[in-house]
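What follows is chain A paired twice: with chain B in the first complex and chain C in the second.
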Partner chain A sequence: MPDIALATAALSGLNADGLQVILGLIVISDMCLLAAERQRFSIRLIALQGAILGLLPLLVHSGEKDARLIAITALFFLIKAALLPLVLRRTYKKLPPQPPSRPYLGHSLSVLAGLGGFVFSLWLGSRLGDTANPLFSLFFAPAFATIFAGLLLIVARRRALSQMFGYLVMENGIYLLGVPMAQHDAIWLELSVLLDIMVAAFVMGIAVRHIHLAFHSMDVDHFACIKD
Partner chain B sequence: MLPYYCVLLLLFGGGLISLALGSRAASLRAASFSMCAASALGLAATLPLLLDGASISGALPLPLPLGACSFTVDPLSAVFLLPVFVLSGISGLLLPSRMLLLCQENPVASGSAGNAHYGKHGFFCCVLSAGMVLTLIASDAVLFLIAWEVMSLVPFFLISPRDKDAAERHAAWMYLVAAHLGALPLLYLFAALTTESGSTGFFAFAAFEGWRNAGLLFLLALVGFGTKAGLVPLHAWIPEAHSCAPAHVTILLSGAILKLGLYGIMRVLTLIGLGDVWWAYALMGAGAFSGILAILLGLVQPGMKRTLAYSSSENIGIICLALGGAMLAMHLQAPTAAALLLAGVFLHIWSHAAFKSLLFLGANAVKDSTHTDAFRLLGGLQKRIPLTGSCMALGSAAIAGIPPLNGFMSELLIYAGFAAGSHAVHGREEAFLFWGGFFMLGAIAGMALFAFTRLFGLGFLGAPRSDAALEVREPCRLMQGALLFLAGLCVLMSLCGALLYTALTPLLHSFARRLSPAFFLPDGALEFGSSILLYYALTGLAITALFSLALLLRKRVVAVNGTAQSPTWDCGYTAPSARMQYSGGSFSHSLALLLRPLIRSRITKPAIQGLFPAEQEARISTPDWSALLWEKLIFHPVELLSDYAKGLQAGLVNIYILYIFITLILALAWALGWS
Partner chain C sequence: MSAHLLPSLCGLLLSLALAPLLPGVINRVKAKMGGRQGRPLLQLYFDLAKLMRKAPVYPYASSAFFRLPGPAGVASGITALLVLPFGALGALVSFPGDFLLLAGCFALARFCLILAALDTGSAFEGMGATREALFSALAEPLFLFCLLILSYHMQRFTLSGMLTGGLTPLASHADWVFYLMLACSLFLLLLPENSRIPADDPNTHLELTMIHEVMILDHSGPDLALLEYASALKLWIFSLLIAGILLPAGIERLPAGSFDAAGSWTAQGISALFASMGLNLLAVLCIAVLVGLVESLMARFRMERVPQIFTLAGAIACLAALSVWS
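So, the complex of A and B:
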């Protein structure tokens, strides 16, 4: 992809190889999350993913780095790399220790499905054709792979907390789609999505605790009994 | 329009007061009063309009999301408003006593819980009447549909007032399904009318010309309104609902609501015009099919109310047959035939409302004291309840088309119309169609005679077949009054046929002009019908006089010779018993055998073997095959699908998100992959 590499180099502060390494890291962290059995490890992975994503707007930005951009990047980094993992960790600590439960879809199968999602995203990206913003083509496949990984986590995991990881990873994917447009005001849209997710994480942190009190378990299987 | 607004206000207000009074018996009285008052007011407002042939319009500045709150009462509405008001009045009058009786009958419902039904029942009775009036006076598609829905849905709450009986609940659900399915084509119909004409008003529809899919619109109206009117094979709800509902609701269902289906068809015809000639064929075909099949199914029913319910479908069939004939006559420029047939249609609508209500009230009166209406348990009722029996005899004679009563009066006009039509197009192929209609009507009337001979003979003559029949009592005074009133109405209508015809003349003119502006009914064409009815009334008087004379003579002879009493069926048997009488199945057995392809009776014959065979059972049952067909074609597959769809609702969030996931992937693949 020489043209994209050129365009990327022209647009971003980072060269195309560096960007691809970062995006590759994100995809790898997605796969690790799908493979992870222990929740504590998952939280760390989410923190790592959040740290990379939080810094991305700064890395991608081509022009002069003004104070506003730095402030926003700092805010993203704070929320994604620190605040959300802390909320998760707090919730995790509050729950009594439980042995890892068997997911609906096994870990190996989840990783395979995640890889399938990545291939599907690459195919979708190839169908997309030229975009006005060349960075978008580069970000598209990893972003969608992350969204799919998040959805897979929600669908495949049995524990409510693990499903929360899924929502966060999905949000990371949506965020990643928006990063190429970080130069414009679209970043405010990103911020609003992020704030939504953060509130959701807080609410879910509380809800998860209540669910545990009501059901004495975090298995979402038990929720089936409240359907009509 | 002020009187009609007052009628609606009275009905809705009365309903709300009844609801507010709740479990007290006063709630029923409030509903009763408002229904009676509204009926009286409505009749006083409608009669002059009908006689003058005038139309009045009005609008209320009420905000509707679409359309407008506009009302019109034209002669066509007025014709249908009359039975609605008369029957609402009778229904309202009977409401308190019927409801109290119903709740006393059922020990479970007679406690505090039973009384809780009073307010709701009164409310829904009032709303049903209001819905019917609103349907008839609405002149805006949206308002009409709202009124139609109100009128369609409310009987669901009235069919089973105690909500205790499984059969009643089934009937109510069946009604609800039919009402919903019937409303679907109407939504399409009015949406199409609105889209093409660019307005929701009936006046705009009527002024618009050049409907693109007029044939489709007509078919939608025929199916949608035909479901409400109970045309076979769309009638499946009628036998269930009519046989389960209490008396004061049944008369509204059979006497008024079915007619609203006809009103709908006629109203749409006035809006989109006479159309192609195949419309007339379709209507005649649907009417003949409905008439023949319904009365055939009616004459093999095991109970009185079910027979009456099927006969309602049959009469609607007759009306559609005649309406189709009138449209054909208009196409062929045969004004006399058109006038006779149209007059027959409207007179039959009135006649049917009168005698069918009479018969349903009578059948309910029998059921109240015997707790059954099955022929195999009844018999010999005439001796025990002479008043109800005589009213039923009169009603049966009227509906079976025996002169000099009102049933044959309207049918005579239809016969004459078909004959005049065939005469007018003498030598052309269409003459066969008119003759076909003539003979179809003859066949239907003949079978109706058979069915009602069976109904009255098995129920009221002979000897009682069970102890239940011995318990029969005359109904309360109010009910007796209602029976006498309706019986009187039948007699009066047959004597005043010519007057009724005169009252209908403005409607005939306007209806024909609305259908086809080019068509004109000359006075000569109208006079013919009037003279027929005059002769009919005179002949009727003569027959009545002869009959009275014969009765007098008989009385005198009996007085001279004295009377001797002996058991029924005492002709040479040593031990006659009630079991020797015809049963419902055996009476219609020969006809059922003859017309087996149409009736599809299932006969289980006992296999008698050996010299001393054990006790065996023979059974003749006639399930309604058209209803079964619907069940097989629609309801069963839908049930299967619904059962399968229940599996989709697993109750697991994961699965629900998986659905979103799959949808997302498919949507993306579709949007990006194949675009």
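So, the complex of A and C:
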């Protein structure tokens, strides 16, 4: 990973190792999400990714951990690891069980495309050169790969709920990209974005339910019959 | 050398003795997750003892090839264990490129099993053999790739060097990501290679969905016992390999003062050796528990989806390679 020495030098040994493991787990979870066929498994993965990401502010913050930072981290953790997966789970539970549908892009091809996205992110990260915040270089490739994985889920999946997963994964990537810069008061910006996302997830959950009531299916191909 | 020989031999014997415990641990975890008491942990030992006392029955149409997979499987497993280290010390046998022997042992055992399945002339066993051949064509390159990137990363060409050697200058802070991803990839490979859910179900009795089990349907008595033992050995070897990858820093070197001036073990060395072997054993058991959890929480994949496991394992292995090469 680019500028890893610079980035890790800015952190204590434990934090650096913890960050490495967390970033690795996020990329692995991206690949698992792209490979996942069952929506319940995808929801579990999103909850896991959210839990991992929720802990990031604590690890990134190299100084003393004050009560404010711990409270914000707890809030991030609560929203990402509990509230958002809960919304997804409620939506999933309300829908009648349906057999898995074949996506536009196969699961194996999606994983390979995700891998390609990670390689591209690494290349792009190496082209960026030195950044003011060395942590940004460390986070860039996994974050960009997560955004790419989210986009891939949105365009490659046939079901509206799966596309919603893609939206949340993409948000996780954006959050990951913002974490190194979200020091001190800037973290409130991250929090406001996250709250927007949570509201959007609620709205999408309701919309998905109404889509099913109207079309008796979650297949987005059925939307093609809508006329002006 | 002689000081190293005895602990390595102990490691080998321990592996041979404890391998049948792993299926018991997996079954116990599955039973607990399902709210049942489950079979005894040592059930496979009892089964093996019972099968060894029985007389074998061979199909009329079969030839000598039918008797081959049991002994070949066990011999391959023992050979693989000879080059695979257990704990802080190296393996009993170590030479450059011995990781290829490990992959070759698995391939030989599989080849003999496929031959035996085809030898019966049964359509079901032939179907299982073709499935095994198909999935092995995907699994073997991936397994070799994992070992090759580990070899490149550690700058060692022996399994003992890769799993117990010190870290090289190439190793950076990306190490943890590398080991984690490699272990994930090998764990995903462990599932189909050892006929576990979601790729295959070792408890299935439906011929149309079986892969490994369908090939041993006609085996009985001591032959079946050897096959069961060989499959337990294979599961142990995979688990030990993953444990060795996940615990590189903890066991890489014995502390100074482990040997006295005459080259014999000191009390400190012996305790460090036991600690490293215990740690490895614990990691192997944890991997068995993890397999049990996966089997409890996941449904079996449709046959057409099994190659996706290899795709995912391959992608994660590529990520591991990228984490050290980029």
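The rule is short, and it goes like this: the second predicted complex is superposed on the first by the 213 of 228 C-alpha atoms of A that agree within 3 Å, B and C clash if a C-alpha of one lies under 4 Å from a C-alpha of the other, contacts with A are read in each partner's own complex, and residues count from 1 in each chain.
As a convention for this text, contacts are C-beta pairs under 8 Å (C-beta built on N, C-alpha and C of every residue); 3 or more make two chains touch, one makes a residue touch a chain.
Remember, it's a predicted structure, so these values are computed and weren't measured experimentally.
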Practice task
State whether chain B and chain C clash or fit side by side on chain A once the two structures are superposed.
Solution key: fit
Exercise for the section: Kindly classify A:V155 by the partners it touches after superposition: chain B alone (first), chain C alone (second), both, or neither? Expected result: first
Problem - Partner touching more residues of chain A, whether chain B or chain C - result: C
Practice task
Answer with first, second, both or neither: which of chain B and chain C does A:L112 touch in the superposed model?
Solution key: second
Handout entry: Touched partner set for A:M31, first chain B, second chain C, both or neither
Key = second
Handout entry: First, second, both or neither for A:L48, with chain B first and chain C second
Key = neither
Exercise for the section: State whether A:I174 touches chain B only (first), chain C only (second), both chains, or neither. Expected result: neither
Exercise for the section: Would you check which partner chain A:V21 touches, where first means chain B only, second means chain C only, and both and neither mean what they say? Expected result: second
Exercise for the section: State whether A:F120 touches chain B only (first), chain C only (second), both chains, or neither. Expected result: first
Fill in the blank from the handout: Taking every C-alpha pair between chain B and chain C in the superposed model, the minimum, in Å, is 17
Practice task
Could you list which residues of chain A make contact with chain B in one structure and with chain C in the other?
Solution key: none
Problem - chain C-facing residues of chain A, complex - result: 1-2, 4-5, 8, 16-17, 20-21, 23-25, 27-28, 31-32, 35, 37-38, 41, 107-108, 111-112, 114-115, 118-119, 122, 126, 141
Problem - Residues of chain C defined as touching chain A within the complex - result: 172-177, 180-181, 184, 298-299, 305, 307-308, 311-312, 315-316, 318-319, 322-323, 326
Handout entry: chain A partner contacts - residues on chain B that touch it in the complex
Key = 649-655, 657-658, 660-661, 664-665, 668-669, 672-673
Completion exercise
Touching chain B in the complex, chain A uses residues 104, 120, 123-124, 127-128, 148, 151-152, 154-157, 163, 220-221, 223-227
